[in-house]
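Worksheet: the structure to be examined is printed underneath.
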Amino acid sequence: MSEARIRYGMVGGGPGAFIGAVHRMAARLEGRYELLAGAFSSQPQKARAMGSQLGLATDRVYPSYQEMARSEAARPDGIEAVVIVTPNHLHFPVAKAFLEAGVHVICDKPLTTTLNDAETLRELVRRSGRLFFVTYTYGTYPMVAQARALVRGGQLGDVRVIQVEYAQGWLSTAVERTGSPQAGWRTDPALAGEGGCLGDIGTHAYHLVEYVTGLRPHSLAAELTRFVPGRRLDDNVQVLLRFAGGARGALWASQVAAGEDNALRIRIYGDKASIGWDQEHPDELRFAPLGAPPQTLRRGGAGVGPWATCVTHLPPGHPEGTLEGFGLLYSEVADALVAVRDHRPVPAIRVATIEDGVAGIRFIEACVRSARQDAAWVTLD
Amino acid sequence: MSEARIRYGMVGGGPGAFIGAVHRMAARLEGRYELLAGAFSSQPQKARAMGSQLGLATDRVYPSYQEMARSEAARPDGIEAVVIVTPNHLHFPVAKAFLEAGVHVICDKPLTTTLNDAETLRELVRRSGRLFFVTYTYGTYPMVAQARALVRGGQLGDVRVIQVEYAQGWLSTAVERTGSPQAGWRTDPALAGEGGCLGDIGTHAYHLVEYVTGLRPHSLAAELTRFVPGRRLDDNVQVLLRFAGGARGALWASQVAAGEDNALRIRIYGDKASIGWDQEHPDELRFAPLGAPPQTLRRGGAGVGPWATCVTHLPPGHPEGTLEGFGLLYSEVADALVAVRDHRPVPAIRVATIEDGVAGIRFIEACVRSARQDAAWVTLD
Amino acid sequence: MSEARIRYGMVGGGPGAFIGAVHRMAARLEGRYELLAGAFSSQPQKARAMGSQLGLATDRVYPSYQEMARSEAARPDGIEAVVIVTPNHLHFPVAKAFLEAGVHVICDKPLTTTLNDAETLRELVRRSGRLFFVTYTYGTYPMVAQARALVRGGQLGDVRVIQVEYAQGWLSTAVERTGSPQAGWRTDPALAGEGGCLGDIGTHAYHLVEYVTGLRPHSLAAELTRFVPGRRLDDNVQVLLRFAGGARGALWASQVAAGEDNALRIRIYGDKASIGWDQEHPDELRFAPLGAPPQTLRRGGAGVGPWATCVTHLPPGHPEGTLEGFGLLYSEVADALVAVRDHRPVPAIRVATIEDGVAGIRFIEACVRSARQDAAWVTLD
Amino acid sequence: MSEARIRYGMVGGGPGAFIGAVHRMAARLEGRYELLAGAFSSQPQKARAMGSQLGLATDRVYPSYQEMARSEAARPDGIEAVVIVTPNHLHFPVAKAFLEAGVHVICDKPLTTTLNDAETLRELVRRSGRLFFVTYTYGTYPMVAQARALVRGGQLGDVRVIQVEYAQGWLSTAVERTGSPQAGWRTDPALAGEGGCLGDIGTHAYHLVEYVTGLRPHSLAAELTRFVPGRRLDDNVQVLLRFAGGARGALWASQVAAGEDNALRIRIYGDKASIGWDQEHPDELRFAPLGAPPQTLRRGGAGVGPWATCVTHLPPGHPEGTLEGFGLLYSEVADALVAVRDHRPVPAIRVATIEDGVAGIRFIEACVRSARQDAAWVTLD
């Protein structure tokens, strides 16, 4: 009755890396994964230290992702899936190597640093027959799932206006020149790609819109700004969006919003009702129908549907946060991986796919194109 | 020691009009005004009813603003100032008539329905030597004054990003076709001018930016949308703004934001700190310096300057709102009017002037110009 | 059609007094009152200064309340009502003087400094045939009226638990010894009576419970504490309450709650739903029915009844506060006074009466009695 | 460098049990524990199902805790610690069995159902030399640790007033008679002990006070009420508290607070500042110094000390909740258990001990004693 744990490996996520540790905790939460292999760092000593700290067998702590892909593919007990948590520029070659080795991929966002790479990768995924997930993690928060159910179930009526924003303040000064590795690669075009703030958090906001509403813009005008002197990539992004069907949107992403921590917020207004969600208080969803008092829907509470009740870990009032949302992502991916293992049809899950990954890169590319034309309107297809 | 009350009259503000009653209450709050004359309605019966209800002498309840201007100018006890609270298209002729009659003017926003009228009016004001105020009322809220003091005092450092929004939901359906007079004239280009939501509330948001920061944009791109079928003016506005000095802004105004009441909010991010203010909770101002915990400044409370303490009516924790903010506007205007009466220099007050009024019309004109070019960037001067 | 303004006078409320100015603004708000006489201060110079500032005729600025009562009663144009905003110990003699002179009374709370005086005053009111109002002002806030309508309309079911609190921090230090007149008399038993914080704000909380629920406790246990060294009256009050029908309550009032401004909050839990209201955000009322999402009811908004719509001054989203709530009190009192003047039956209004005033003193007396017995349980009747 | 995982077992926590699953997730979060044995249910089939679901070896899924204690003690690879998540009445015998078998204990609260058992258990712990932890989990939330650091560091000055409350609504109706196992045992004196709501959540609130302030009350008056007809234990608790040093407190716990989920809130007022914390928004702590604006301290953010930064999993703005707080508890317990294993001194950790467990039972006992005397004041020792 108990399923065997999913054997997985990690590329990136060495000592001091933030998001790698988050992935590992999220994977542990429900006990369905087992970390068995890693290429944690290009510095062998760091890689070994991390492997030892995590209790991996020494022969499965690899000096390079290439060797890891090759060796794990050759082992009968090799990993089933790899988690890629490197800087952006490595997403493509690492994903390619593991897909070619027959390993499922869970890849951080943005998918790649160029649109060409993204489309090549999509083709590779198709040919490989392997599953590919992109960790746009906010979609799996229960109250985001509830928001999606409300919009897609018609309770907002026709969507008119979408206001989405993602504001952080941690790059308000030139921390990339003070030795912060987190800031270093994110502000370096060679490692991050053409989008700075745009790629790092703007794409999260963009994906959230599509995830909740099912709408994608056909054209946009994007103002990319670099406020911190000497910075090489945008640290502030303001975008106007036009959607098929007539909805209008505005997206703001910033990493120079002094005083903000991780303020991802979305508000969607339809002709019947509106919703509002704030990532920093993720267990709550404001639902305001025309002509009735606004309600505060709570995860697991009255008046919410199955996605916001069954999938959660705790009763209402026991706050869940980033790790629980991330844990649900891992849990759904596990459902899909186990289905493949058991030769069953892969269930529909809520986790972003290669298509969503490509869409994110298209968005970056279009914004950069608009910005180069002094923020003129450009089409997205 | 007691000053004589300011004798004032009102044009507009008949039975059922919302904003006229607000002006009257605001003028009463500190007991410095006396309402003596009015042309409340073009319908004589309504005009008389309102005059009677307000206890005016019957010979000072006028059938037209022209007669009122003429008669009051001729009386030794004639009004010193007139309050204009008509639909927009009457602001210009009414203001003109009273300026020419030597009466100070307190005029609702937006100033006029065309830029040409606005500039003509500015010239009239200059020539008349009379005082002219535009009731962009949000500037006089104590915590907005505090925000202004923080920004202008340099506590935010260089301003980088301005996010301002003004969201209402009351025009989510075609209420203008259900007999609502409030909705009727606001959605009629002949009465409201070229801006719908833009002129009605977008200009409030625009003025707030300038009022707090002292910055005016040099160019903008404006998306004006009409969501409700059959509506003749915009009901949703999204604007990107570029300011001299490099700051970037986004302005959103909507009257189809289902579930919103009167959600005017401004956030300003500098390189040292940020502030945030929400009109629906006007006694609080968020102040978040880089590298320190965010503070909640409270009207009259610790850590706030003179504008947010002396000018208010009540101690902290005793909420003030729209009427008190409006009352402060009237109180400051009274300071200016009494100075003129006493042949003293007019003190610097915080109330919007004819220049601010013209700036608002320039903003409307530029937005409309941009929108006609498919939301292209246009310059503002 | 226009009613003549109510001619009123004021006892107390001289220069620097807080609550007198609030009463005057509240009375002005709707233009239904005219201040014609006053005994503003026992210091003649201060009294005259205030009279002059308010534009009163010099012969109606009185050196004493006794002379004011006598003179005004003798004038054909004498005041119809007096507002008493003195320290507590004067409420009784001043009220007595004006009742005996045939003048209606609007008296600040608490009613008197002893239960005996309160009961005597009740008898005087009965015999005088005059109207008597006590300014427990929080009852007239629109959303408190809505709360009352919900509870009394049965939407909470049987009331089980009442948690009410009123927390201020301004007496956290011995400000009464720094020359603050506000603090001075409030902490002096000769001027304030036996309750310090208890009488000043505890009775507000107590009245709010009764006002909203219609329930009065039959017994209580009260812990009265003096935290600031040298203070002569309680500055912190914690009371357990037992109501007829079985409901249980806890009341906390404090003036040493550092960091609190004027935090009056009430929560009422029934077997079907609960409500919560916070005076510092008075336009909102939380309504949480069992088995449904909590709603935020807004003044003037959807889903609220007549008291929370018709009686207010502004549409939802335009915040109202203390003055507007107070203004509604004055407006309702005006309805009653005009009815008397016109020999019509006095309408049922929501303003506290002499009975509520006596109930407040009974509460103070019982709390003091309990405290003297080491916070033992005592009965209230 | 990697430590071996702590081998642990669980008693209770079978299918459908809420808190057992929470413990397992919390123990997984940092990968420092390995679940190897369990007596999950007295029903063998349920016990086996849970063991299988968790991937345990079949010979380590036990039909009784007695057999589990015996067998595990005999194995060279036996468990080092046991987690007890049974109904309250089993805490004592299970803890006793494992202590006697030389196994460390992590026990749910309240410690026992009688004070006598609690004191006996304390003696057993002393004699055993084993570590014993009680899962009063709220103490390990980072911002509670910050609160404690502020209070104990003197930043509040002398503590004057403590207001603590824990409100839930899930027992507003007689759910114990609808087959809910959660409600069933909690409302049954034979399984829960003498306190219903008092033992289940009142003790959490009580412990939080002591944890944050270091203060314990010397006397109290407790009103225990049963609101739901037929219920055999209290479902609402209101307690007045007197602390050594003069501080005064009020504690409210309720499980019939319709509309509340898990509203544990504490506010502490000193003569220099106050703090406020709300479990439903655990990443924030309000800190309001006298004479300065209130601050919102955020987990991991500026102005917070080591406990609220180093010990957390995620940067500010990435919400943490119940599981992360619980995970920190398990992490600290792991530090202690590894120290014992390595024959190092046990570090000071923030997790509740047997002493705290006994204090909780003393509190229950005193409240019940007071309630039996009609809520008279009783001493607490």
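Per-chain numbering from 1; labels A, B, C and D assigned in written order.
Keep this in mind: contacts are C-beta pairs under 8 Å (C-beta built on N, C-alpha and C of every residue); 3 or more make two chains touch, one makes a residue touch a chain.
The structure displayed is predicted, hence computed values, not measured ones.
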item	value
Chain whose mean Cα position lies farthest from chain B	D
Chain centre separation in whole Å, for chain C relative to chain B (CA means)	35
Chain centre separation in whole Å, for chain D relative to chain C (CA means)	43
Centroid spacing, where centroids are CA-atom means, of chain B and chain D in whole angstrom	55
Touching two or more other chains - residues of chain B	260, 294, 298, 301
Topology of the chain contact graph, where touching chains are joined (line, ring, star, complete, other)	complete
Sites on chain C touched by chain D in the complex	156, 160-161, 163, 165, 169, 172-173, 221, 223, 225, 227, 236, 238, 240, 242, 246, 248, 250, 252, 254, 256-260, 269-274, 286, 288-290, 294, 374-377
Of chain A, residues touching chain D in the complex	1-2, 5, 18, 21-22, 24-25, 28-31, 49, 52-55, 168, 170, 260-263, 279-283, 298, 301, 313-324
Complex interface listing, chain A residues touching chain C	287, 291-298, 301-304
